[in-house]
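Below are two complexes that have chain A in common, paired first with chain B and then with chain C.
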Partner chain A sequence: MAIELKRVTKVVAGDTHIHATSLKLEEGRFNILLGTTLSGKTTLLRLMAGLERPTRGEIWFKGRNVTGLPVQQRKVAMVYQQFINYPNFTVYDNIASPLKVVRMPPKEIESRVHKVAELLQIEPLLKRMPGELSGGQQQRTALARALVKESDLVLLDEPLANLDYKLREELREELPKLFHDTGATVVYATTEPAEALLLGGYTATLHEGRVTQYGPTSSVYRAPGDLLSARVFSDPPINTASVSKRGERFHYNESVSWKAKGRYAGLADGAYTIGFRPHHITLAPGSSESISVVGNVVVTEISGSESVIHMRVGKDTWVSLSHGIHSLKRGQGVELFVQTDRCFYFDKNERLV
Partner chain B sequence: MKRAKWLVPTLYILFLMLPIYWLISMSFKTTNEILGAFSLWPREFTPDNYITIFTDPTWYNGYFNSLTYVVVNTLLSVSVALPAAYAFSRYRFLGDKHLFFWLLTNRMAPPAVFALPFFQLYSAVGLFDTPMAVALAHCLFNIPLAVWILEGFMSAVPKELDETAYVDGYSFWRFFIRIFLPTIAAGIGVVMFFTFMFSWVELLLAKTLTAVEAKPIAATMTRTASTSGYELGLLAAAGTLTIIPGAFVIYFVRHHIAKGFALGRV
Partner chain C sequence: MIGKTTNQRAWFLVLPVVVLVAFNALIPLMTVVNYSVQETFGNNVFFFEGVKWFEQILHSERFHASLLRQLSFTGIILLIEIPLGVAIALAMPKRGPWVSVCLVLMALPLLIPWNVVGAMWNIFALPDIGLLGRMINGMGFDYNFTQQPLAAWFTTILMDVWHWTSLVVLLAYAGLSSIPDAYYQAARIDGASSWSVFRYIQLPKMKRVLTIAVLLRFMDSFMIYTEPFVLTGGGPGNATTFLSIDLVKIALGQFDLGPAAAMSLIYFLIILVLSWIFYTLMMRNEEQ
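What follows is the complex of A and B.
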């Protein structure tokens, strides 16, 4: 167990930023905190780093209670969304600074800095000042400083958010590999579900200061424990609808119904909420379990080879992600197909059934 | 049209420089020539005025006294304002905004208001007629200014820089001295310039709080006549020498001041 939060709560000026959160992160794992802005990702990272003290609860690190321990005495590293480097130090001194503070022999500092700089491909820049570097190079310097310490816990707060698209892709690919070899526990905060999926590892979904679910990234995506987790882990947002089960069939708006199959066949009759991702509601039937729904187009956006169609069905507004370019007019009637076998069924308490 | 392009700035600079030229020209004239016929440049060029200033202790002690309290005041203001500005920029505490504004209000009252209480107070504690008295009195308007300017420079540095240093293992003081101060060096330069200048040109408090021992140069210069009659040449030379420190300081911080203007704090 690398780090464990035991019912950690953070209240700032009467405002609860983090509700009693318990989370165990295993050693050497790549963990992702996924949530929208203000969902508490940064606060959670700062609590783990020791930059902030929890109002209640305890933080354990490698079997030791570190709740009140100042940040200097914890072996952690942190990288921010903004490119933070010491502006008056060269890149070399920037990377070497955490080692100099602990008075490591100069020979070892030199070899470590060069090794890390090589890994991050910034060796030719070691003599420059951070102000002379591009954004990507600055963030590589910050990452090198986090890496060179060989900390047990590395906290990354949306490190790629301020980079342009190409650089982001490049670094995103390198990141998990870089930290995997050091055996460090990584916590990576992001707002983008797609990024979480690309990075893999383990994901904790956050919503308004609560961890709604934690598990391997792909299983959190494929089986969200509740509606909130499903909402957090979907971009464009997941579609929802209220349905009722009567006998063998689910009914939606009295006009649409489908047969409950597999594990859903045994569900008790009553009201349920279904959730389905935008690419499971398409202009063409996606599978044999697809059912047809008729609605009106609100707006259509075209992104390359895909069309995002916002539509209104009864009182619900849904988003569909369909292949091909479809320019549909506003208000136009449209028939879309929902793959009922890909729907998530949630009960009255919004838990997955 | 083409001619007007250089004409206007040239005239402008000419008008600006004229009094300064006149001062320098006068400083190389004898008093008789100044009071006599109108002349654009010294007819009888003489360095005597400068020689008098550098040899007569009543003159050069004036410079010495002024420089002493100006330097003491500058160092005092900066060293006190640094922690204060850091607190205002980094922490939220009860009444912080009011306190910050209140500091500035100290600059709004004319120094004459404080002249009498300072005089009484310093006489009582035996500080009267010492450079320290003036150095302390000038803190009244220099410290608020220094805090105001430094707070702007410090707030432009992201708080994450502090935190990154702590995460890296830096103690507060090590971070403050090794990383934070060099980062806001431009701001410190600007503050030193302004405190130096305000203290250097301030006359009223400096004159009220000194008598003989610590008499500043500005006070000495207000003495227009002596036993030997008018000494206009001497005064002109003293005036010329008074401009030099300011010009010198401006030259060194000219780039930083532009930065200060960009931050909206100068």
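What follows is the complex of A and C.
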């Protein structure tokens, strides 16, 4: 067990930023904190780092209670959304700074800095100042500073958010590999579901200061434990609808119904909420289990080869992600197909059934 | 053809500025240049004298003495106000309701007219009725700024520090508040001491605003007139006769227009050259 939060609560000026959260992160894993802005990602990271003290609860690190231990005495490293480097140090001195603070012999500092710089492909830049580097190079320097310490815990707070698209893709691919070799436990905060999926590892979904689910990233995505986790882990947002089960069929708006199959067949009659992702409601039937719904177009956004269609069906507003470019007029009637076999069914308490 | 017409018309747009600058800078400056090379005995009769006045001023012991006083004064107040301003800015709260209270309190001295500052300190420091004067004498020091050169200097410097440190504080505070919190966190994670945080994060990040603060304080203090004029009138003797006070004495007291004009030009050039040197020195590292 690398780090464990035991019912950690953080209250700031009467506002509860983190509700009693328990989380166990295994050693050497790549963990992702996924949540919207203000969901408490940064606060959780700061608590893990020891930059802040939890109001209640305990934090254990490698079998030791470190709740009150100041950050300097923990072996942690952190990388931020902003590119944080010492402005008047060269790249070399920047990377070496955490080692100099602990008075490491110069020879070892040199070999470590070069090793890390090579790993991050910034060796030719070692003599430059941070101000002369591109954003990507500055962030690589900051990452090198975090890596060089060989910390047991590395915290990354949206490290790629301020980079442009190309650099972000590049680093996104490199990061899990980089940290895999060090054996460090990594916690990576992001707002983007797509980024979490690309990074893999384990994901904790966060909503308003609560961890709603934690598990391997792909299984959290495929089987969200509750509606909140499904909402957090979907971009564009997941569509929802209230349905009722009567006998063997689910009914929506009294006009649409489909047969309950497999494990859903045995569900008790009553009200349920279904959730389905935007790419499971499309202009063309996606599978044999698709049912047709008719709605009115609210707005269409075209991104490259895909169209995002916002539509109103009864009281509900749904988003569809369909292949191809479809220019649909506002208010136009449109028939869309929902793949009922890809729907998540949630009970009255919004738990997955 | 069309391009040419457009170009000519563009002159009309800069004309107001040209006229304004001409009236408030160029024409007065040229008048001064005109005076500086001529002698007059009144009645608007002038004789050309060449560089006579410049030579006279540059060799005059009186000018050397006021220049030395001026340089010492500016040096001393810069040495006090810049570090003190930075220290106060560092001590100010970073957020919360006290920020605006502190900022307003800091800005107050800057809002007071200069002659009022002089008058205030004159009364404040009077040894018989002034609060400060009475207090210092009460502590057993013999203090009378109207008679002792050292006391006059002390009072003038104290007054300038009181009046202008705020400017440095405000600039330094602006520089400090532009540093993202993440820098401080990163430094804490590294285990950096508070001195390192100041030396390697705060100071480099404040560099630009501090350059501006030094330049402003240098130029302003080098031209200081009103406050010491009201406080000490340049005395006792000539103890606090700084360049501008001396200049006014020559121009309006003795009505030596030629030497005064020559001195003005020399004075102007000194400020220009020193400002340029300051700026180049402080910005040199930036470019490296």
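Rule of thumb we're sticking to: the second predicted complex is superposed on the first by the 353 of 353 C-alpha atoms of A that agree within 3 Å, B and C clash if a C-alpha of one lies under 4 Å from a C-alpha of the other, contacts with A are read in each partner's own complex, and residues count from 1 in each chain.
Just so it is clear, contacts are C-beta pairs under 8 Å (C-beta built on N, C-alpha and C of every residue); 3 or more make two chains touch, one makes a residue touch a chain.
Note that this is a predicted model, so its numbers are computed, not measured.
K.L.:
Taking chain A as the common reference for superposition, should the pair chain B and chain C be classed as clashing or as fitting?
P.N.:
clash
K.L.:
Taking the superposition as given, does A:201 touch the first partner, chain B, the second, chain C, both, or neither?
P.N.:
Neither partner.
K.L.:
For A:77, decide between first (touching chain B), second (touching chain C), both and neither.
P.N.:
The answer is both, since A:77 touches chain B and chain C.
K.L.:
Does the superposition put A:101 against chain B (first), chain C (second), both, or neither?
P.N.:
both
K.L.:
Between chain B (first) and chain C (second), which does A:225 come into contact with in this model arrangement: first, second, both, or neither?
P.N.:
A:225 sits against neither chain B nor chain C.
K.L.:
Which parts of chain A are in contact with chain B and also with chain C?
P.N.:
Common to the two interfaces on chain A: residues 49, 51, 71-72, 76-78, 80, 82, 84, 86-89, 97-98, 101-102, 145.
K.L.:
For a test of understanding, state which residues of chain C touch chain A in their complex under the given definition.
P.N.:
Listed in rising order, the residues are 180, 182-183, 185-186, 188-192, 200-201, 204-205, 285, 288.
K.L.:
Where on chain A does chain C make contact in their complex?
P.N.:
46, 49, 51, 71-72, 76-78, 80-82, 84, 86-89, 97-98, 101-102, 129, 145
K.L.:
State the interface residues of chain B toward chain A in the complex, per the touch definition above.
P.N.:
Checking each residue of chain B against chain A gives 158, 160-161, 163-171, 174, 179, 182-183, 185.
K.L.:
Touching chain B in the complex: which residues of chain A?
P.N.:
49, 51, 70-72, 76-78, 80, 82, 84, 86-89, 97-98, 101-102, 142, 145, 149
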